[in-house]
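Both complexes shown next keep subunit A, but they swap its partner, so subunit B is in the first and subunit C is in the second.
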Partner chain A sequence: MRRAGPFLALVFRNRLAGFGAVVLAVIVILCLITPLLPLLPPNVTDTPNKFLRPLSEGHLLGTDHLGRDILSRLLWGTRLSLAVGFAAALVAAGFGTLIGVTAGYFGGRTDNVLMRLIDMIMAFPYILLALAIVAALGPGMLNALIAVAAVNVPFFARNIRGLSAGLAAREFIDAARLSGQGHTRIILTELLPNVLPVITVAVSTTIGWMVLETAGLSFLGLGSQPPQADLGSMLGEARAAFLTAPHVMVVPGLTIFLIVMSINLLGDGLRDALDPRLRSGALARPAPVTLIRRDGPAPVAEHPEAALEIQALSTRFEVGARVYKAVSDVSLTLGRGECLGLIGESGSGKSVTALSVTGLVASPPGVITKGAVRLSGTDLLSLPYRDLRDLRGRRIAYIFQDPLSTLHPLYRVGEQMVEAIRVHRKMPLAEARAQCIALLRTVRIPNPESRFDAYPHEMSGGMRQRIGIAMALVNDPEVIIADEPTTALDVTVQAQVLALLDELRRDRGLSILFITHDFGVVGQICDRVAVMYAGRIVEEGPTAQVLAAPAHPYTSRLIASLPAPGAGKRRLVSIPGLPPAVDRLPPGCAFAPRCHRAQQDCSAGDIALTHQGKRALRCLHPEATA
Partner chain B sequence: MTPALQIDGLSKAFPAGRGLFRAARAQVQALHPISLSVQPGETLGIVGESGCGKTTLARMLVGLLKPSTGTILIEGKPFDTRDRRISSQQIQYVFQDPISSLNPRKTIRQTMETPLRVLFGMDQAARRARIDEVFEAVNLRPEFLDRYPHEFSGGQAQRIGIARALLARPKIIVLDEPVSALDVSVQAQVLNLLADLKAEYGLTYLFISHDLAVVEAVSDRVAVLYFGAVVELGPAEAIFARPTHPYTRLLAQSAPAPGRPLLRRDPAPAELPDPLHPPLGCAFAARCPKVTQICRQSAPALRATGETQLAACHHPDGLGDQA
Partner chain C sequence: MGRYILYRLISAVPVVLGITVIVFFIMSLIPGDPATAILGAYASPENVAKLNRDLGLDRPMVARYFIWLGNLLTGDFGRSFSLNRPVLDEITERFSATLVLAGVSLVLCAVIGIAAGVVSAARQFGWQDKAITFAVLIGISVPSFFLGMLLILTFAVNLRWLPVSGMYEIYGGRTLWDLARHLVLPATALAAVATGVVARLSRSAMLEVLRQDFIRTARAKGVAERGVIWRHALRAAMVSIIPVLGIQAGFVLSGAVYVEVVFQWPGVGRMLVEAILKRDLLLVQGGVTFVAACYVLFNILVDVAQSLIDPRIKA
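On to the complex of A and B.
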């Protein structure tokens, strides 16, 4: 249904999966055409000709202890084993999904009761439970199938339940309820399509297991009954003559091995191909430092006195044939003790700029193609990895949007702060602890001694961000890069955190690169501001000047569209259209298609950033400023 | 005039710590009993920070949550969510996260068709006509209908969310943080679209947001929520120009705006009280600059603090204080 070509290509990109697919395809085809092949009847005994070796006249694989043709029995047996394994997987998946989806969707007591039942099944040793079921139902292939399916239901139920519970809390399920659909309908039409890929993968990786288990039961004589052949019973019957006629046992044994191996290899390939994270290349382990592929030498330092100088930095993401130019030719100079705001909307490249500074952009797919990043004059992008790592967190520290995702959930915050110190400096534990508690006091955390031993989840968002700030300060860095540090906070908390950052910077002479989307925040804390659009700096200057008289039409429109408190009910200024995708940037000014001042020359070619005094601008037809 | 929406003593308590065979040990009062009324054609802004109960209120209003106490009247008649066919024509909901409110495995058309088919039993031609109509109303191109949600930007997806809310021709729309996931430049587009739709179809809005500036720009009246209770209620311009509750004042002062200085003094930690052990008196007492003994002992009721304003405070800033 969905582009089968690229999907198969993805599966086959994994060579082992391709090998598994081919082996399995051969086995399945052989099984399917077994009734048509000119085989000897599988169950006719011919005792005088027992234990014939392979390649004997008329018996390609020899005969077993009753003189039956092994090739014939093998093909018929494989057919049965595969069919039972497949059926068991489907039955287990069916019941497991039913239980899992019901428990996950309804939650609460339903979930509790169903999952405790599943726990009870899981409390029995696996094979013992299967044996007990067959013992209760009596031996036979159908009962073996039931037993194998039953013991595998919990695996599916638990997987699907977790997934469904997550999906059931999503807003589209609420929307479905509001659109008048009943529970059954929601489960079938809204929930199930979203868990189907996972079920497919789970089935494909468990069929092999099911074949093995069915064979196990047959081996013990509980599955297929004589004279019917399946792989397990063939193994079981051959056991007695293992030393004298090993081939009778080796042949079905090898077949089981081939089947299970090929199914598992193919299942792994399917899982990788269906996993959306892998498809975007994210599962590949990123390198410890961003790939740097500069085509020329690093530019010469222009402001060696600055705390941080970013020079003509270009970072792109290369995903397949597509190239996303996330950051193009960005130059920024952060003076000592200065707070420089970098403002832009989502996708403008502001965070990629911040991460490029210490080579933290994930590679692949990220590549730095141009420029230099100088910390007090030294180019960080030319440093060997060891030196760069030593510098991260010690001389340049980051504060991120949500400390919950950057703090380790299983360690106490104090331990993490102490570790951050001791990675860079040798220091007795007691001293490090005292220093951290002093820092917690500096960022105004009440009861720092007891908070030192708290876990991240025990704190509110505002407290966690204070911890994040304290973590950034532990090694007394020269430069702090704060990436949307207050975006996730409530306004009253945001005001406090901003005041704290501002105070710390003045007390400690910190240089801060402050990344945000909010002009209100920039106006309150930054000395200068640089505005980014589609990967480029479009305007730069002292905050008060830019806010009072924005020159770039994008800046002026963005400020005007900000609903300012105290202005009453009104119609807002809006910018038509959407920002461009950075893999298909228009020539010239990227803002031109949305700009009210655009003229033909705007889209003609590259527009340079022109400096005038303290301000810089990339625009041919700027706003008239008084 | 009969209010478009009237709620009386509406509250919600969630059980906490319930086990398989145990009854709940405690209750968390997510929303204390509140009473509000909204006139036809009015926009009532509901503003508050995380944990104030604004989403709980919204979900009760559209029938996604059962109220613990209280009644909801729509045009004077009790709101009954058992018949979604009727309730969906009375009140609709626009979700906060536009992408997450669309099923990732369905095309936009499939999502849009569901209510028309399930609730109104419309045939294919009628469904198509109605969907085209609402898509035009929200300025979306009809070819978007055959795409999947991940192909849309946040702003486009929110237009789709609004279009879905319009399908049943509701009188009231509850907008739960409709622009907080959007970029500033797109936010203004969506807010203006909402204003246009309101004028065109004579809608009544409940606009819920944490962003005071946004609420102010769209609302006629505003209710400020703190820790599950209304602390101030009044006309939008009065609330912002002359807040009478200390929390509203703090909220108004905290909103970052170009050219406005940072709050210099660092007030008490901005933590909410523990919902399992709510304070005896005013929930804001621990953070309040005007706190006195009575604030810690008894919770203040909502009462008039001006001609049109109400606040739940023992020491409201009266109009006289402003002079």
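On to the complex of A and C.
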């Protein structure tokens, strides 16, 4: 328990868990000191004074049907209920651990037999088994305890078995075996200490459950026998007259409720503290549109004739106090019918740029803080959600990487294509189907009629990518944003898909923003290329010029790392170092630490993107151009 | 699909056999002579000996098990001494009442629980989410037998909206309307905990799914948020919600015992409790075996439903 302090602090950061802990502590303390309190004896009857209301003289919570003091019975009853619940949890954990550790440690046949047995027991709705046990042994508190413990053994056995099977395969157990220690000794000294924390957590989270189950059996008259009080039997006895004297029933009922609730709250706190994802906020639901929080007005359009104009776009991720500047001041212009490549390593911000166009960056944590995205002159970032949504898929369509995860796994591909049409246009199903099948033929899917009814997992990667392309085309968009559409494919399929995209572009006059990390792909399809590094554009220009004479050292390294097709074995130059983390960008050029041409002034301050003819560059010491 | 169902049915046979073994084993734990336990302490020795012979109790345990099993397979569950009628007749009659109650509760908990979970996830951290989370906490913490009594007190006694207990009016035509009125309170009491659990799980399953890539694809297609949530996300979340519904069915069936007692519902749960208190062991033995076997069948149904919703499961 070295880390108990911070861990408890984590649990209590959840205020409700703290509340649960306090309530539970008060109840437990009251139970512990019950024998010391000046209470009336719990089992002494006083029938003339039966059913006294709460706050009566001498009876703070009133009396029950035999005139017994409810407060006294409540405290003694809670004491018994908690004790039995705790005991049942311990017994269940004990036997469960024994079975689980044996099965997990020995594995093989022992494991098989024990776990089949556990499965059998779990085939029962739990109370049936408990009822059968009580039926055989006869009603009574001890037998109820045995029954409740027995039905909960499988829960512990299963959890502990999984854990010990994992541990048994670890080196330190092997080491102990090789040193000649006996099985019992290994289990007791090596295995058990490692599963004990889990057992402790499991016991503490199931006690509430055990208390409730024993109370249930007592309520049915199968647990504690008169005159002995526990919470369940108090409720059960109160049932006979609960219409006339509801307080006799409400007092123990509320107490059970409080106990179970506080244990639940505490359990939630424990679970949250143990699950790192909850702490980092990674389970937040992404909003339909990226959060837009621009500090100034949108920049004025400069190229209204362009299909798509991205102006000084900045997108960042805000995780707690950290700010990751994924995209900083990126400006791109995509002409009509043009294919513009956006290239960079993973983490350079190219995909975030692409997703920012129609507000598809997950928020939280994504925020667009600056700039504009203009589709034929209209700023998409200023549009209300309804108008933006109407644009998505109709005028701007995406082709994503890895269609196995980007297509819905449970709908047929045809259904998904038809949906893409019908969210924008009213169209009879048969007509939509015919259109989609025609498109499947266009992207050269064999047997399109039967493929229409296939599920994504039934197709090959190349086929799925074609589906993704066909789905982007269903509404005849002006702009296609292709986010690494060929990365997941092998080389031949990649070439086919690229040829297809190029052909479609020419046939349909599409404007394509093509995101990739591969200069080879850029060379095959893009008219112009922009190179991104650490969230910024570092170089831009016509593909042929940039490929022939890269000016930025980063670009030249990227090109050099490319194996030239047909050139035989060429040395692969990888770029030393890693891209910087975008929450701690160095001043000046972010590539400087990895750059062989870097000088002192590179890291001095911001370097502007300078335009020269069709090319642009953000570098103080560019490669010597021929 | 037919093959899959057949395969699941065949693989359920050993489970059901295991259930009979466990029940038989537990029942053989009865301290002392079973015949005395059945007939009571004041039975004459001749009667005890006769019953032992009639029930085959003088044979060894393994032989007794197979005799019992053989009888079960021919539909002979024995005769209840306290009710003086065949155990199977009583069980089927009572079990149908339980099925109505538990079935309605399960549907309630599935519909309300999933809807609440989806709304909670869609409005994460909003007031709806907070209200639902609070209601869920109350729901999963309140014992069904306590909630049942509170409901009776409020809606049957004070407000007089609904009947206090039972399944039908004593002098009535046993109409569906009458049954529905009698069902509202017990079904609510029974569904409360399961609804909370289902809502909780649905919420986290939805949050998990909403971060997946195919949700982003749906948004990129221009699907409205309502369609994203209910058509895309919920469909995928159902894959993890359905098994939990199966587990909850077991808890609902268990909770039915308490609710049947509180509401005087003529179901199999109340029958078992009464049988235990009257030491009618054949009735207990038969009832437990029968209900457990039905539960196994139900779980097969859940798996079949799962394979229908998820085409990736090879049926």
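Throughout what follows, the second predicted complex is superposed on the first by the 388 of 626 C-alpha atoms of A that agree within 3 Å, B and C clash if a C-alpha of one lies under 4 Å from a C-alpha of the other, contacts with A are read in each partner's own complex, and residues count from 1 in each chain.
In the analysis below, contacts are C-beta pairs under 8 Å (C-beta built on N, C-alpha and C of every residue); 3 or more make two chains touch, one makes a residue touch a chain.
Keep in mind it's a predicted model, so treat the numbers as computed, not measured.
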{"item": "Touching partner for A:H517 - first (subunit B), second (subunit C), both, neither", "value": "first"}
{"item": "Partner chain(s) touched by A:V113 [first = subunit B, second = subunit C, both, neither]", "value": "first"}
{"item": "Touching partner for A:A123 - first (subunit B), second (subunit C), both, neither", "value": "second"}
{"item": "Which superposed partner A:H611 touches (first subunit B, second subunit C, both, neither)", "value": "neither"}
{"item": "Which of subunit B and subunit C A:Q496 touches, first, second, both or neither", "value": "first"}
{"item": "Touched partner set for A:I133, first subunit B, second subunit C, both or neither", "value": "second"}
{"item": "Partner chain(s) touched by A:R53 [first = subunit B, second = subunit C, both, neither]", "value": "neither"}
{"item": "Shared subunit A contacts, counted only where both subunit B and subunit C touch the same residue", "value": "116"}
{"item": "Residue ranges of subunit B in contact with subunit A within the complex", "value": "20, 49-50, 59, 62-64, 84-85, 88, 92-93, 95-97, 100-106, 111, 114-115, 118-119, 153, 155-156, 164, 183-189, 191-192, 195, 210-214, 216-220, 236-237, 240-241, 250-264, 266-267, 269-272"}
{"item": "Residue ranges of subunit C in contact with subunit A within the complex", "value": "15, 18-19, 21-23, 26-31, 121-122, 124, 137-138, 140-143, 145-146, 149-150, 152-153, 157, 204, 206-208, 210-225, 227-228, 232, 235-236, 239, 250-251, 253-255, 257-258, 261-262, 269, 272-273, 275-277, 281, 284-285, 288, 291-292, 295-296, 299, 309-312"}
{"item": "Contact footprint of subunit C on subunit A as seen in their complex", "value": "116-117, 119-121, 123-129, 131-139, 212, 215-216, 219-222, 235, 239, 242-243, 246, 249-250, 253, 256-257, 260-261, 264-265, 282-286, 288, 355, 358, 360, 362, 389-394, 397-398, 400, 402, 405-411, 419-420, 423-424, 455, 457, 471"}
{"item": "In the complex with subunit B, residue positions of subunit A that touch it", "value": "109, 112-113, 116, 170-172, 174-181, 185, 190, 193-194, 345-346, 444, 446, 460-463, 490-496, 498-500, 502, 517-525, 544, 547-548, 557-559, 561-576, 578-579"}
